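Several structures are given next for inspection.
Across the two complexes that follow, chain A remains constant while its partner is chain B and subsequently chain C.
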Partner chain A sequence: MKKNRYFGRFAVFVLCLVFAVAFLLPTVLTITNSFMTEAEINSNYGTVFNSSKSNSYQSEKVNLKFIPDKVTGSQYINGLVRSPEYLIKFWNSVFLTLPIVLFQVAIASLAAYGFTRWRGKIRALIFFFYVILMLMPYQVTLVPNYLVSKWMHIFDTRWAIVLPGTFAPFSVFLLTKFMRRIPYSLIEAAKIEGAGEWYIFTRICLPQCRAALYSIVILVFIDYWNMVEQPLILLNDPEKQPLSVFLSTINQGEIGLAFAMATVYMIPSLLLFLHGEEYLVEGIAHQGSVKG
Partner chain B sequence: MAGLTIKNVKKIYDNQVLAVAEFSIDIADKEFIVLVGPSGCGKSTALRMIAGLEEITDGELYIDGQYMNDVEPKDRDISMVFQNYALFPHMTVYDNIAFGLKRRKVPKNEIDEKVREVAEILQISELLQRKPKALSGGQRQRVAIGRAIVRNPKVYLMDEPLSNLDAKLRNQMRAELKKLHKRMNTTFIYVTHDQTEAMTLGDRIVVMKKGYIQQIGTPHEVFDHPRNLFVASFIGTPQMNFIDVTLELVNGTPQAKVMGAEIPLEMSMDIGLMQGEQRKAVLGIRPEYVEPGTMDGITVKIIMQELMGSTVQMHLVLGDTEIIAVVPVSDAEALPAAGELKVSLPADRIQLFDPDSKLNYEIIYGEKEDPLAHLQMPQEADEA
Partner chain C sequence: MKRVNFKLHKQAKPPRGETSRGSNAAARRKDFLRSMCFLGPSVLGVIVFFVVPFIVVIYYSLVTNGTSPSFAGLDNFVSLLKNGAFQLAAGNTLKFSAVAVPLAVILPIVLALMLEARIPLKSQFRTFFLSPIMVPVASVVLIWQVIFNYNGTLNAFLSNFGVDKIDWLKSDLSLWVVTVLFLWKNLGYNMILFMSGLANIPRELLEVADVEGASPWYSFFAIKMRYLSPTILFVAILSMINSFKVFREVYLLTGDHPPEGVYMLQHYMNNMFNSMDYQKLSSAAIIIALFMIVLIAILFKVEDRFGKDVEG
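Right, the complex of A and B next:
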């Protein structure tokens, strides 16, 4: 009996290990390959990416290789210093994502405060609509967004992405749920002690929603940092495209560079996640649900 | 320091629920008033209306002679201690206490001086840099009180501030609140559902039920001269004994009859009967005043005895009515533990109530005018 139990546990462990390796493989491959030379990469995946620019030997079959023959930082130097194209796209990503995160957090916290403090009869109805909107995948709204951006004359500008990203029901929902957990007596105590509405919002409510705010910042950042559909539809000019879109054109060559820039591209999300990991867990755990 | 005048204040919520009806009282400067009653009696709503946290549907509120109905809570010069303490969890004890002073732009050195002085009074000086989550229930309570007293407002409002504490700490804090009232020498309005707190703390007690004031009086008045059956049953632990009796005049002397036994009443008591007339009534007597083991009196059966420490609660039955007698342990030792015994009900301790109006006979037939006569609780609301 005991032997069988140990065998079962071992089988589960092996299964989990296989899944973990499968999940980690692409990330590890990207990072290790970013330190290879162009020639070594071409020799491994030449037929897949079939670079017309490359004159070196190309392998006939895909050869997954994790340990570089020679570790080099040349791809990073090329991407960050010599070839401005990737760097420009990186900054495009930054200038699209940061305003969305900032505006969304600001608008969502104000809206959530309104939902928490306002006790009118139609509050529940409006909040219900928010939840319904949240359940709608954003791909559904891409066509209306395209039409509205044309109508507003912001098509092919950064605002075509930033504006729809600013007003997001999920953040409002998460923050409202969080703010409602704050005992009402705290707000009343602050009122009696002389605090105005703005002071209560900024100094009493927001500091207690730190976990939810962190969660929103991380989730929204990762969501928009990795966006592909919105820029493809709402931005015509390739110069304005973020790195997430540009990285998908890697089959045009410079595969080593793409590995290096993909690694660079991972860093902000990773840092943000590591910095606020505890808050992310707390922020979402309190809602009893995770973002779908 | 200020008195309050509350005139016919009423609170009806949007869903037409009546929370407080015709609440009227004059509260003197430096008085300690306790609003007491069971859950849902409107005591907290009344307090919140004084604080400005609930809108007054009708009536007038004056603090220190100034009309306050539409004045913002922060401008009423009041402070409030909440049941759940309402401490700001992200601020230190120091910042919590200093919160009101900072909002009122008091100079920093003055804030520091006042916060440290209050911390000294409440014995929380060593906790000033801690966050509320690192404090025990009693310490949090002290911080909440500290935040309330540091501004030295005109009126202190306290909404069941001790109900989250354990019994021992509650007794300790109760005594400290009493001392604090003496020290601060200002008006306190205190809400509780605990009648012991009401009796020990209040200069006057306001007993409420279903939004209506049932009685306003000193602890002594409320205990010994309850205005109606509700007050008689709510105030006092164990509660007053109630016995259904028939009243009549025997040779001009008022008497109550129960199960064939006669209970003499005070000669001077007016029961509103002519010779030969009879009327049903409810006789009330506090367990502390029941005298068991007398030579004559009414015969009761002993059900059980409960040792409460220095006293014994004797559960007795008279006909089909259970009554309780509280006697010192030394006296109880001389009494039988089971079987029957005689009890005497001292005439000067007996209260009579009308079973229909539920009012005390002192109110119906007494010489004093009932100050709450205008405030008749609807029968259906009373029975609901």
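Right, the complex of A and C next:
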């Protein structure tokens, strides 16, 4: 009986190890491959990406390798210093994502306070509508976004993506769920002391939600850092595309460079993840059910 | 590991009378104005960027194309539904969702249950399982290429066992390949949702079941699954929406002209955007919206049945 139990736990442990390897491998490989020389990349993956230069060696079979033969940072230097187009695309991503994160969280904290502090039929109805809107896939919301961007003459500019992102209801939903957990007695007490709404909002509600705000920032950042659908439709100019789209159009002779830039693109979200994992987990966990 | 102190208190609602003291209309109006100071920016933005244009979308879907549009009834919808490309895109997307969504619900439950066992390195495993969510799709797409290409690793590996090479993304198995990529990205997120669902089950209940001699299977299906049912509902809806986003992986792997087997709804929408076919775009958006609403309503009803006695 006891032996059986130990065996069960051992089996679970092994299974977890297998899953862990499967989850980590693609990421780790991307990072290690970014330190290979272009020649090594070519000889390993030449057959996949057809970047055959007639006289260089290519192995018949592809060769998925962990450890570079020779560790080099040359791909990074190529990508970041010699050909600035990647750097430009990287900054495009930054200038698209950061405003969305800042504006969306700012607008959402106001709205969440509104939904928390006052209840009523109309507000419940609006909130319900927000939830429905949140559940709509891009295939639905992109058509309205496209129309608005044409009307406002912001099509093919950053604002065509930033403005709809600013008013996306996801943060409102999540932050309202957090704010409703603040004990009402706190607000009540402040009111009796004669505090105004703005004071209660900035001095009581927001400080209570600091952890929640951080977790929402991470979630929204990851979502928009990864965007593909919106720029494809709302930005025509290839120069304005974020790196998330541009990476896939990379020239075939530059696979090594692509690995390096893919790694660079991971770094901001990787850092956020490592620093704020606990917040991220709490943020995800509190979405709980859509009903609450 | 840092501990985060989230203030977990019972939901505190403002008392009903507080917001509208008695039936005093003036006070009520004052409350409304105050709440609108906070809700205003968000509501205004939603109206401008989503509501108004969506009304125009409905208008477009009901009129004919051309310089002098006239009322077309449901003609646009009929012609969309008869359109071959739309049928292919919708069919592929539905097929994919039908496979991927159930897996994206079941596998994370398994992962969450595994991490409930007393094993070493638990928190590390959680981090590892969650890690794909921070990796942009564009970053790992190169590795997927290397693995699933005709000359790729998977074929090389399988050829050791005498399996013939195939071009995975062009084969009948292409939707399964996409499913693997989808699951890789989404399992961790859903697992966290289930872990918090499992943590919310009252311990006493499970202990009583254990003392009374209930088998692990019984306590899993009769207790855990019941308490998890709101989470299952949420994960199902979330995965459904995410399954529409798998276009990203497909697009980044295969570009504008994907093999037929993985031609998704978003590809179709992109083509319609390129040809500026407002009628098709609008009717497609409306059909997808209606589909989602109906589906969500059904899921809510099912969950209501199943998890009735554990809530509230």
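Operating definition for what follows: the second predicted complex is superposed on the first by the 261 of 292 C-alpha atoms of A that agree within 3 Å, B and C clash if a C-alpha of one lies under 4 Å from a C-alpha of the other, contacts with A are read in each partner's own complex, and residues count from 1 in each chain.
In the analysis below, a residue touches a chain if its C-beta (ideal position, glycine included) is under 8 Å from a C-beta of that chain, and two chains touch if they have at least 3 such contacts.
The shown structure was predicted, so the numbers you read here are calculated from the model rather than taken from an experiment.
In the superposed three-chain model, the partner touching more residues of chain A is C, compared with the other of chain B and chain C.
By the touch criterion defined above, A:185 reaches both chain B and chain C.
When both complexes are overlaid on chain A, the residue A:71 reaches neither chain B nor chain C. Once the two complexes are laid over each other on the shared chain, residue contacts for A:207 go to chain B alone; chain C is not touched.
When the shared chain is aligned, chain C comes close enough to touch A:262, but chain B does not. By the touch criterion defined above, A:125 lies against neither chain B nor chain C after alignment on the C-alpha atoms of chain A.
Once chain A of one complex is fitted onto chain A of the other, the partner contacts of A:18 are absent, as it touches neither chain B nor chain C.
In the superposition on chain A, contact is made by A:199 with chain B only, not with chain C.
Residues common to the contacts of chain A with chain B and with chain C across the two structures: 183, 185, 208.
Chain contact summary for the complex, chain A toward chain C: residues 8-9, 12-13, 15-16, 19-20, 22-24, 26-27, 29-30, 33, 45, 47-49, 61-62, 64, 107-108, 110-111, 113-115, 117-120, 122-123, 126, 130, 132-133, 135-148, 163-164, 166-167, 169, 172, 178, 180-185, 187, 197, 201, 208, 211-212, 222, 225-226, 228-229, 232-233, 243-245, 247-248, 255, 258-259, 262-263, 265-266, 269-270, 272-273, 277-282, 284-291. Across the interface of their complex, chain A is touched by residues 1-9, 11-14, 16, 19-20, 31-32, 34-39, 41-43, 45-46, 48-50, 52-54, 56-57, 111, 114-115, 117-121, 124-147, 149, 151-153, 156, 184, 187-189, 192-193, 195-197, 230-231, 233-234, 237-238, 241, 244-245, 247-248, 251-253, 255, 265-266, 269-270, 273, 281-282, 284-285, 288-289, 292-293, 296, 300 of chain C.
Those residues of chain B that touch chain A in the shared complex are 51-53, 72-74, 78-80, 82-84, 86, 88-90, 99-100, 103-104, 147, 151. Residues of chain A that touch chain B in their complex: 183, 185-186, 188-195, 199, 204, 207-208.
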